[in-house]
Each structure stands twice: as C-alpha cells, then as structure tokens.
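Note that the chains take the letters A, B, C, D and E in the order they are written out, and that residue 1 is the start of every chain.
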Amino acid sequence: MSRIGVFTCHCGENIAGTVDCPKVAELTRQIPGVVHSVDYKYMCSDPGQTLIKEAIKEHKLDGVVVAACSPRMHEPTFRKAAAEAGVNPYLCEMANLREHCSWVHEKNEATTQKAADLVRIMVEKVKHDTPLTPIKVPVTKTALVVGGGIAGIQTALDIANAGHQVVLVEKSPSIGGHMSQLSETFPTLDCSQCILTPRMVEAAQHPNIKLMTYSEVEKVDGFIGNFKVTVRKKAKKVDEKACTGCGLCVTKCPNKKIPDEFNEGLAFRPAIYVPFPQAVPNKPTIDTANCTYFKNGKCGVCSKVCPTGAIRYDQEDELITMDIGAIVMATGFKLMQTDKFPEYGYGKYKDVIDGMQFERLASASGPTAGVIKRPSDGKEPETVVFIACSGSRDRAKGVPYCSKICCMYTAKHTMLYKHKVHHGQAYVFYMDIRSAGKDYDEFVRRAIEEDEAKYIRGRVSRIYEEDGKLIVKGADTLMNGEPVEIKADMVVLATAVQSQDRSEDLAQTLHISYDKYGFFAEAHPKLRPVETNTAGIFLAGACQAPRDIPETVAQGSAAGAKVAALFSQDELTREPIVAVVNRQAPPLFSTCTGCFLCQTACPYQAIEQEEIKDRSGRVIKTVAKVNPGLCQGCGTCVAFCRTKAIDLAGFSNEQLFAELMTL
Amino acid sequence: MESLKQKAKELLEAGEIKAVLGYARGTSDTRRPHVAMSALEVDKLVADQACTTNLANLLMKHEIKHLGKLAVVASRPSTLRSLLQLTAEHQVADGAILALVPAEGGVKQLGTAQAFEEHLALVPQKKTEKDQALLDRLKAMPRAERFAFWQKEFSRCMKCYACRNSCPMCYCERCTMDCNRPQWVPVPSHAVGNQEYHLVRAMHLAGRCVECGECGRACPVGIPVHLLTFFAEDSVRAQFGQGGGASATIDNALSTFRPDDKETFIR
Amino acid sequence: MSEQFEPKITAFVCNWCTYAGADLTGTSRIKYQPNVRVLRVPCTGRIDFMLIMKAFERGADGVMISGCHPNDCHYTSGNYHARRRWMVFRDLMDFMGIDTERVTFSWVSAAEGAKWGALVNEVTDKIRALGPNTEQKQLVGLGVE
Amino acid sequence: MAERYKLTQDALSALFEALAKDGRRILAPTDADGRTELNAVTSPDQVSKQYLQTILSAKETVFPKVERLLSYTTEGGKVDLKDAQPHALPTVLFGVRPCEAGAFKALDAVFNWDSRDKFFNARLEKLAIIGVSCTSADEACFCTSAGGGPGDTQGSDILLTPVQGGYLAEILTPRGEAIQALAPQFFQAGATEDKEAVLAKVEKAFDREALTAKLPGMFENPVWKQQSLRCIGCGACAFVCPTCVCFDIQEEADPKKGERLRLWDSCGFSLFTLHASGHNPREVQSARWRQRIYHKFAYYPERYQQYGCVGCGKCTRACPADMNLKEHLVEAAQAQ
Amino acid sequence: MRIGYYPGCSLLGSSREFNESVKAVCEAIGLELVEVPDWNCCGASSAHVLDHELSVALPAKILAQAEAAGLTEVLAPCAACYSRLIGAYSELEKNPDHKTRVSEIIEMPYTGAVKVVNVLEVLERFADVIQAKAVQPFARKVACYYGCLLVRPPKVVNFDRPEDPQVMDQLAAKVGATPIDWPFKTECCGAAFSVTRTDLVAKLCGKIVDSAVKLQAEALVVACPMCHSNLDMRRPETNAALGKDLQIPVLFLTQVIGLAMGIEPKKLGIQRHMVPVAFNAPTGAQA
C-alpha cells in the first residue's frame, strides 16, 4: 500500500478564496493510500517546502501530491523539494486547484468537490508513478558541417574555435559556395572574394577542421551526440597528397571546351580543372564525364605531364564512416532554372541572363575580366533591363515566397553596371522594393539617385528579339498601368532562390523535416530558428530559406554556438518521459508483434527494429525499440499500438487508466 | 482441380515448398482448410466455388508458420489482399509465401507482392449484396435505433473470439483484450465488455481490414461483426483514399497523416 | 422537486496547448462551470481512443478532447495523427449508435484561454440539455446474472 | 420402464398455460433469423417447428455466461462485502434434446464434486426438463457413440417423442410427476405408439470405452497435431458445449467499489494455462486440442466415473474451422 | 468514341467555319460529337461582371444537362465558352457546398460529374490518328496564336504552359506545318473590344499580324472565334493602323488539319474568311 502525502495550498486567498482548503485536506485524507493530508497558506514558500520535506521524513511518504497551482508553474519546485527529502522527483505530482479550479469557478460546494476530485486523480496517478531517472546520453565532440559555402565555413570556424573537432563536407571540388562567385557585395560594395578567401584559407588550415571536398553525405544513423555518418568521398582521380597544385595538367589538357560552372557557363574550362584560382583546396579534379581518357581510353596527357605522377585514373570513390555528435546543414540554395521562363526567352536568347551570370560578368576574375560585355556578341550593352521577382512571389511559377536577396543585388547590379558603363542606362522592373536592413534602403536610393537606374514598378509580360534588340514589354503600374516597351541590349533576371536539387532526399537521409519548397524546416519559426526537429541537427544559411550574407553568417554562428553548447557537456541529460517497448518473459519476449506501424507514427524516427536472438544467435523475433536519445515523449506510438506493447513513462497506460477510474 | 493437385505435387517434390495450405472436403460437404505435406494429402485438395475460407489467417498460426516455405491456395482475392497487408506489416516477407490461384484451365502461381497486386487489379473486391444492404439499412437508421440494433446483436456475444481468431489481421500474439495491466476491456461478455470489445476490434482493423468477412462467417451466434470492420474500412478509404490490403508498400492510413486532412467536427 | 441534472464531463487535453490555454483561462479569471475534470496528457497523439471509450464506461455524460491547432503541435505531428484517429473513431462510434454529440473535439491553443472557458460552458450546457448518458450507463451491469 | 402417456398438441398448449400459472418460465428453442435459440416462450406456437438443436446449449440456465459471486464497497476506508444471491427463477426447459438433457449430469459432477456450488444448485433445483426425442440427426451427431441415443431418457424429467397427433410422454422423475400433477387431465394414459420407430437413426461410430482405454497410451500420437493444424484456437466449441464447465473469475473494481464475476472460459484459448512466469504448459494448439479430448474422454471418466461428452455435435456445427469431433474421435480410435 | 458537344453562339454565327471544321475533323478521326440537349447561353462576355451566381449557374445548367444525358465530358470549341464552363466547374469543385445552391437555381441536380475540355485538348488525344491521316501535308510556315482564354488562368484550366503554350504547334507540326518560334502566342488581340474600341484592336492585332509576317509565317492558326474575328475581320482596320497591306490568312487549327486530311475546303468553311485563303489545295501555290 502506498504512503502518499497530500499538501493543499491556499495560495493566500487565490485558492482559499473559493475552495474550502481544510475540507479538501479532510476529504483527501480518506483516500486509500493517503497517509497524510494537510493544508497550508503558501506551499511554494520556504516554510511550505520545509513542511513537505519534514512530512516526507516523518510519515515515510513514498509519494507526494501538491494541490496548488498549475504544474506548468511549480512542478519543478516541488519535485526538487521532494527529491531533497529523498523521494524520487517523478513521484511528486501536482493537482491544479488554482488555474483550473479556484480562479475559474464560484465559491461553493461544487468547486470544493471538484478540487477534491482533482486531488483524487493525482493520487491515483502517483500510485502508479514509477521512479524515473533523467536519461544520460554521451556526446561525441565532433561536428559535421554539410556544405562549404559561407554558412558552412562560418559554422565550422566557430565550432573549431570553441575547441571542438569539425568535419566540413562540400560536394564540389572547392569550398566557397555561391559567395565566391559574387563580384561585389551589398550594401558596401566590397569585393566578395577579398572578404571570403581569408575565411576559406582559415578553414582549410584550422587544426580542428577536417576538410572533405568533392564529398557527399551518404547515410546518417544514430541520434544526438551519437550519430554515425557515412560520407562518400568522390574520386578526384588525383592523388591530393602527391599533387603540388602546379597546374601544368590544367594548362595542357586538350579538352578545353567544357562550360565552366563557376562562370555560370559564360566561359570554358578543361576536363581536369580547378574551379577557380582561389579554390581551396587548390588542386585539380578530373571531370570524368567530359574527360577524353574516361570516354574512350585515349589521351592521358595530364598523366604524362604531371611532374609528381599524381594522376590516378583508377582512383575509386571512398566511403568513410565517422562518429559525429552534432550536424549542421549548410547546403545553400540554387537559382530557378531557365525552362521556367519561356515568356522571357531565358535559355533561348543569349543576352537574357540571370543575376549570378551578371555577377560573373561584373567580376574582375570573371570571363570578361570585369568588363560588361553581353554574351551574344561581346558588345557593351547600352541599355540593360533588370527584372526583379523573376519567379519569386509568383504562384504560377510555384514560388509564392519572396527570395529576399534580389531587391538588394539588383540595386547593386545597376550600380556596378553604371560604374563600368558610364553612358549606359539601367532599368529595373520591380513589384516592391524590400530593402529592410542596415544601410540597405540607403543603398537602393543611391542606385536610383546617384547611379540613375530607372525603377519601373510593374511586371514584364514578354521579351522577344527584334532587329538585334531585346524588346521588353511591361507595364508601369504607377502610371495607371501604362504599357512600357524598352529596347534593351541585355536583360538580367533576378531569378528565384530555390532549395537545392535533391534537398528532400538529403533531408530524408538525415530524418529532418522540410517544407513544401524543399527548404529544411526549423524546429520553431520564432524560438528555435537554427534547430531542426531532430535533436542534434542544426541549420545555417539558405538551405532553410532565402538569406543574404549577413544573415547567413549570423545563423552560421548561431548554429555553431548551439553545437558548442551541446559539446560543453560530456553527457546530455534528458527528461525521462520517453516511450518504452515492453519486455516479457520468454517465449513471448515482448507483446510487440513487430508490425512497425508505429515507425511511421513517430515524429522523431525514434523507433528502431530490434532483433531478439537466442544464445546461438538465431533471430527469434523482431520487435520495436524506442531510442531514448531521440524520443521526445509525445506518446503517439503508445496510443497507436494495438497490443499496448509501447508505454510512456510518466503518462503510462496504467496511470491514465487509474486516473479515469477515479471519475 | 487436377492442375492444382499436379502443381502442388510438383512444388512439393521439387522441394520448393514444405506444404500446401488449401481446402479439403469437410462436414456435410462443406470445405475446410487442409494442410497437405505429402502426395497422399495433396490428393484430398479441393478447388471449387465452395472454398471460401480466407486461408491467410492460418499462415499466421505458429504451428503452420514453422512448417517451412508454404504455398497457399488463394481462391478468393481477400487471401492475396491479406498477404499484401501482412507484408506491409512485416509479418510476411515478400516472396516468402507462394500463392496458387485456381484459374480457368490451370493454376496461376504468384510469388511476390507485386504479382499479387497485379493479379488483384484484375479481380476487384466487392461487398456481397446482402452485406451492402444491411450496411445501408444501418446507416439509414436513426442513431438510437442503430444503438439498439447493435446492443441486441452484442447481447448474444459470449466472447468466444471466433471473430478475432479467424481474422488474418488479428495476428497479435497478445491481444489488447488479454491486456490486464490495465484491464482496458472487461473480460466478461456482459454488455459493457461486449460493446468495448467490438469497438476496439473494429478500430484496430480500421485501415487494415482486407474485407474477407471471415469474422462474420466465424461467429457461431450470427452477429454481423464484419460490418463493423467493413464500415471502418469504408470510412478510412473515403477520408484518406487508401485502405487495407491494397499494397505491400503503402504505409498504414492511421499511422500516417496529411496536413490537409479534412474534417468537419473539430472546434 | 428534482435537482437540476449536473453532467459529468471528462476532458483529455494536451500539455502544451490546451492545458496551458486552460491555465490562461484561470490567470484571466474567466469563469466557467465546474463540471469538467481535466486529465493531462503530453500530446493529443497520446490519447488512445480507448480512453474516450472508458470515460463513457465510467459514467461520463460528455467527453472533451483538445489539443494544439494543426501545425502548432509541440511534437510537430501528434495532433495530425490524433485527428485521423478521431475522424475514423467518431464515424465508428456513430455507426455503433454511440452518441457522438457527447464528444467534443477542439483545438485550443495556449493563447486561447477565453475559448477554453467558453467551450467548457457551451459543452456543459449542451450536455445538461441532452440529459444523462442513459444509453451507456444502462449497459453497466447488463448481462450479469 | 416409465409409463407412457399421450399428449396432444392442444394439450401441450394447455400444459404451457398451467406451467405459467404455476409461476414457471418456459425456455424453448425458437427461430431467430435462421438460428435456433433458447428463449422464453408462453405457448408451443412460439417453439421452433423444425429444429435439430439450438446453437448454444442449455447450460446457461444453470451456469450463465457471466454471473456475480460477490460485491463490495470501500467507501471511507471500510470494506463492506456482500455475497451475491443467485437470481434463480423456476424454469422449465422445453424441447431440449436427449443428449443435452443428459449433459446436466456432467455439469453436476464438477459443481458438486468437492464442494457444493451455491449458484449452480440454486438454479438446478428450480429447473425441470421436458426433453423431446430426435427424429432427425446430422453428420455432427454421435450420441449413440457417447452413451446416449435419440430417445434416451436420462436427464429429462419428462421426455416427449413426437408421434402422430402429438407426443408420446414419458414421466421420468418426481419433478416430471409434479409437472404432470399441474394438469393431469392432459396426459392420456395407455399410449401404444412405437417410440423406436420415429427416432432418428444414429450409427455408432466408435467404442467409447475402448477409446478411453487407449487414450493414456497415445498422448504423443501425431494425430493430435495433424487434426489441430487448422484449429484457430477460439472458444466457440467450449462455449456451445453443454458439458464444458471451465470458468474464469474476474474482479471488476474501481477505487470505491468492486465485484467478483464468474464467466465461461475455454481450454482452447492460448492464455488458458498461461502462467504468470510466461511459461505455458500447453504451448501449442495441438496440446489444447488434445486436452479437450482427454478431458472429456479420459480425465472425466477417471475422476467422476462418467463421460464429459454427450455427442450432441454442437461444437462441430459451431466451429469456424470445421473441427469435426466425431470424425476426429474415430481417427483417434483407429490411430496406430 | 463519343464526347459531349457544346457549340455555343459563336459557332452558329460568326464562326460557322469553326463549327463546320470541328465537326468535319472529328468525323474523320472517329470521334462522335453528341450535342448537349437543350443547351443555353454560357454567359460569356457579360454574366460574370453582372451577377456572379448567375455566371456560375448558366454553365452549370449546361453541364447538368450533359450529365443528365449520360455524358462525362463536354467539348467546348469556343474559347470563351470553354473558359466559362471550366471556370464554373472548377469553382464548384473547390466549394462542393455551392453545388446544392446551384442545383436549386437550375432546378436540376449538378454533381460535377462532367468534365470540360477544349478543342486542342481533344485533338491532342488523337495526335497519332491525325498524323496518320494527314495525306496532304500542310507544308507551310505557320504562326500558332493561342490568345488568352485557352491557357488561363492556369490553375483553373490546368492545360499547357500558360506563357508559352505548345500543343497547337505540336499538332500543326503533325500535319506537316512548320510552326515558327515567335513571342506573340498569347499576346492580347483586344478580344471583346472588337466593337467598342476598334482602334485598340487594330493596334494590338497589328503587332501580332506584323510580327507573324516578319517571321515569314504564311498563315496564322487559331483556336478561338474571338481571336479569329479580330485577326481576320478587323484586317482592314489593322492594315490601316500599320500602314501596310498584309494579306496573311487566319485559319482555325481544325481547318489546317482538315485540309491536310484532304477534306474538301468547302466542308471546312474555308471560303467564309474575310482575308481570302488562297491555298485551298494544301500544297498549291499562293496567289
């Protein structure tokens, strides 16, 4: 028989004003199993807590019900008090006499009866409470950062600087990401490469950072503090250790007509290449899809000219598995594809380009060495039309959201253009100008007022080529929708920012959720913006939503700080309110029948399959197993389980049943 | 029938299977399940219109499961539907059980879930007119009358569990009915115990029922218990567009969700 | 003179939204009728349909089930699972002739203290008007010699 | 041999009225949606015209499927215990078949073996049986192999045999005489109809005593496993059986009150012999099936010097898997 | 194969040749057109600006008639009719409770069982048949002009690429024509302003016709009576506005297909155009 103490709090007049507290104490004393029941003015006060602690010792209580305010208010207080007196804190429960009773009902007998009922419910719960201990999970203090753009670099540096190991995985041959392609950055117009390159080098040389370029995450198992990650290190066909990065192979490669990704197809590169001069690591990679040797076994020039014999045609992909404590996703974005804009002739007319191509045209390290020349004939364009919201905020294009960075970079583009082509005229078609940010709106005003960009508020309906010009037809909605027609030499589309290709697949590999546009979903839109719903996996940068550089860097640092905080402890402590699959005596072993319908019901992928084997290793039965590191204790699986094989500690079937039985 | 016997013998002789689960003649010329492990036993196999039992139920039985690789005679589509649902629920490995479907001029041998699905696409499942009529009649009744109808039916229930034990999807080793900590459903077959038993059974089969109707046929006192699971299945299908026994790969309707599931009653 | 019938109402609410919402009803001092007894669970996903069934067996005249609005679940999707379960369970109860008028499902967020108060009053009044849940209560003891 | 009377159909109606006037309820086979059920009737017109047997046995009248043994309250920390009083009505069972009438003896053997069961006896004392002989039988019937027969008088207080123009009535016991005494004018003495001629023909299928002698030696015989492969382990056979007597005791309680109930159970259930340790002495269905047969044909005779099966065939008819008891007993009797 | 047919007013009046050519082509490809019994006005041009409920009820009545006649699909060749019918269908599918209200208004049950299709959609299904039957290839450069109603609004019609539709080009190519790549496929022709603001229509059509000629098209191909009347009937005004004398003919796609199939030009109503069509014989020389 239980020895339960009931402690009814007056909360001054807050409870006692409508509930007859002494009577509640009196009524609840008669409940079988209750050996002590008192009322007191302020239970949460020091004397009140002392009263509970002394009663626990004096009456040898093995369970406590504090009938006071909401458990959401003082449950930690009283559980701590109970623990101090030697009762497991999870054997202390609260009956909510204040928020759910005295404050919402009139002073009368019914209210007091309800108060007594609320205590009865909790007494039955305590009777079926089991002592629980917080769950300890060890932490592997190595972080994995996926994506080597500015987000990933910043995150990796912050974690590394906090003294923890970081593995930085990048799918392309060099880190740097989109930012390395930019010419200048808003709102300061400082050179993107100038500010990024030092960070890239720092990341590469940091003793705590292990760089894995040309690599992709293949598989993720485990849970917070204890992930097992398999990374595919794609074969560069070049021995990185032997290669000195002299570049002879790149110069000698006879196949030089491959569209250059870094220059957005505006230039060519050889089949063995370094993506860009400042690449990190600055060692070449063979593009096997375009290499003559890999296509027909002939050529082999690179191998012949390499002074250190570093070319390895037989190099294979490597699968590397490592123990990881936390993961930061920083996989970035992509721009909307050309086939989405038939009305603008994007992909059809050479001089209709996107913003990133314009960045390359404007970049000193770009294909034109920073001189603005249009792609079709290399002429200097005298009239350039910039179209903001190309795809963004356009339901017909499947992108109802704002891409966030286009207003700013379009203003930047008009300025860069004007600075290079002094007699040129830039037009901007826009829907709204969104320039919220430090020095942002001033920047846009400068583009309009100083660099004389003509801003036209309206959409462009069509672009077509006529007599060597691009006819841009639109409307000026500030002029009563007056049709506007501009004969342009070049058109720059600020195409929508979209999630990376296959981001859904990657999300599924990591068991994190994503929105309908393929951006990774944060755990809470306001309060947990850099966490995912899977504990131990964080987000940085544009893989979560369109972001500009300052935001990306801030989020990268935030994610880094989260990881550092996680790594500051040797063990994680978690509330023991988790689901458990029962174990029974053989031959049943568990009432679980292994239908695994619970697996899809679990929001946290916390349910695994476990094989029960006999001594000879033969599998007798495969049953569900809840990983306490992942389980958050919602209990959805518990309600779903037909055989009642899963139960939730703290809110068990027996407890809820017993609570119901009092009613 | 002869081609079935021949096929069964071939498979047994080739050692491809250990036993054939089929039908044999039973009391008063009915058909009963029959396990044939030898040529002698194969000769007792019968395949005709009277073979109605859903044999998938027996596949889940401990003694039969452990005989080795089995072939099952699937005279009715619901047997294949059961196999699909059992595969989806990890009870049967895809390819572990051979289905022999008596067809015109021979026997169709199906070995994989995909083959079952393809075959089922040719033979749509339909409720009998009698069942549909009673379902419609019940749905049209005023609620209180429907309550009285079921209470009258349930009053005959004695919890022999023939409905449960004849159901291919009731394969749980320890049924909720037998869970006594807490004792969710009262053991006695009094009014409360019976109502709760049938409610729980139907709910546990919602989205999983293959609509073979075996439970209703098994009831010795003639309670139309199969209508409860048929109804639940209809409800699932109508609201979520998927039901039990359709595929070995679709996740269960009630352990998944869509954010835009439409209901009309939540305040 | 007979006393006015006071219905017994059992409520299952999730910890994060409706329980907190009901706390807010209290802190806002919004009054409602004292007939409801709240059982706290972590999430609506935890509410086994059998609990609703047992509540009636225990003589509840009305049952309330409430949790986070869609998209607001603390556990991201428990309420979606719960919703599907209720959609079928409610249909099935009705098919068995059990009065679904006596079960109220709702989404009450942590900010909707006023909604909780109003809902409890509305449900209490409605169940009082419906009268005792005689159909279910009469089953108790029936079939025992 | 008891004296034989003639009872016309009209006289039967009058007898029913007399029984009702005497305060007895009459339970008889009735038609319900194609099923034959035992129900309360007031007139012979309500009795099924064409029936072989009821689906359920008549054991419900003395051993209900759920019955209260005691109840208690625990209000205020005090336990107040109340023994249940059996609610036994004076009852006449009309129309049961001789096999079932004979089954009460098997129930009695258990309920009054070491202690006398208050509930069972209270009901049995108020029960009188007017049996009706069988004029037809089916493939499931094997009363003649189980020590009875289609016109067997054992167990009945009065046995009626349908003959031209009514029934041939045999008054067999003092209870039968008491019924006769309620309306003696309707029982015409000196009936001469040939009872045997109208009875159903049920071939004897096996020798019961030989089987009983053989069973102890065939515990491990493969026949049990073979037969039970298709058994699904439900309780239909036991619940329809007129002699199956196993019961479960359940306590239904909440923090304030509780009651103890007795209900039917079945040795066919896998949980029937499950120990708390998880061990189950009858792990597989073949062991349970064997138990069912041994209990009726080996353990019963050994312990009570009588048999636990009357050959009514109800289990065969109710079985979803068509476990034909007669057929399987024959197989056992012939097994090597 | 059979399909419901809703000609609407245009096809019985100003666009008889569309009606004639649709029927001729459908007959040739083996598609039976079943005219919706007792059909009424679709409400185009005015109902939707005056009374929303009426603008839904009118098309719903047509679809309900089709449903009562046991049809499951209705072909509305006129793009305006198509737009009204599919618009009403789509709205009622989105708000199933409105179906009850509409049924009350039209005094017959509307359940949404009948789908609405345009002429391009239907012909696309028979693309292979059409190709096989094109015995006299229409070997000319053509400018396929879609106008606005066939592809918009995309969510409602859910047909082809709204900004750069392809189906008509593909079908024209199937019968041997060479569709030009031009940017005016969905440019506004002025449509309903044909009567009230002829000047505007002339200006808008001018751009379309001029561009087609510049890109060396030999014919404009359309699938909408409004487009046709503006491009064809308003040619004098168009030419006046352009200050040019453009004689490029405007054909319905069904006429192009019909000619390629060798159907007699008269049966296709070729003679009815304002801008004369000189190439009756598909491969013949242009006057």
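Here is the rule we go by: contacts are C-beta pairs under 8 Å (C-beta built on N, C-alpha and C of every residue); 3 or more make two chains touch, one makes a residue touch a chain.
Keep in mind that what you see is a predicted model, and the values were worked out from it rather than measured.
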**OP:** Using the touch definition up top, find the fewest steps from subunit D to subunit E.
**Re:** 2
Subject >> Per Cα centroids, the chain farthest from subunit C >> reply: E
Original post:
Looking at C-D and B-C, which one has the bigger number of contacting C-beta pairs?
Top reply: B-C
Original post:
By mean C-alpha coordinates, which chain is most distant from subunit B?
Top reply: E
Subject >> Averaged-CA centre spacing for the pair subunit C and subunit A, given as whole angstrom >> reply: 36
Original post:
How many angstrom lie between the CA centroids of subunit A and subunit B, rounded to a whole number?
Top reply: 44
**OP:** Let me have the rounded angstrom distance from the C-alpha centre of subunit B over to the C-alpha centre of subunit E, please.
**Re:** 54
Original post:
Whole-Å distance, subunit A centre to subunit D centre, using C-alpha means?
Top reply: 70
Original post:
In subunit A, what residues contact two or more other chains?
Top reply: 584, 588, 601, 640, 653, 657, 661
Original post:
Mind pulling the subunit E residues that touch 2 or more other chains?
Top reply: none
**OP:** Identify all positions of subunit D at which a residue touches two or more other chains, and write them in rising order.
**Re:** 65-66, 254, 261
Subject >> Which pairs of chains touch, using the document's own definition >> reply: A-B, A-C, A-D, A-E, B-C, B-D, C-D
**OP:** Would you pull the subunit A residues touching subunit E in the complex into a rising list?
**Re:** 341-343, 345, 348, 395-396, 462-464, 466, 471
**OP:** Sort out for me which residues of subunit E touch subunit A in the complex.
**Re:** 154-155, 161-164, 181-184, 187, 211, 214
**OP:** Using the touch rule from the top, collect the residues of subunit D that touch subunit A in their complex.
**Re:** 74, 76-77, 254-255, 277-280, 283
Original post:
In the complex formed with subunit D, which residues of subunit C make contact?
Top reply: 58, 143-145
Original post:
Which positions of subunit D touch subunit B when the two form their complex?
Top reply: 33-35, 37, 55-56, 65-66, 138-140, 225, 228-230, 232-236, 238-240, 248, 250, 252, 261, 263-264, 266, 269, 271, 284-286, 316, 318, 320-322, 324, 327
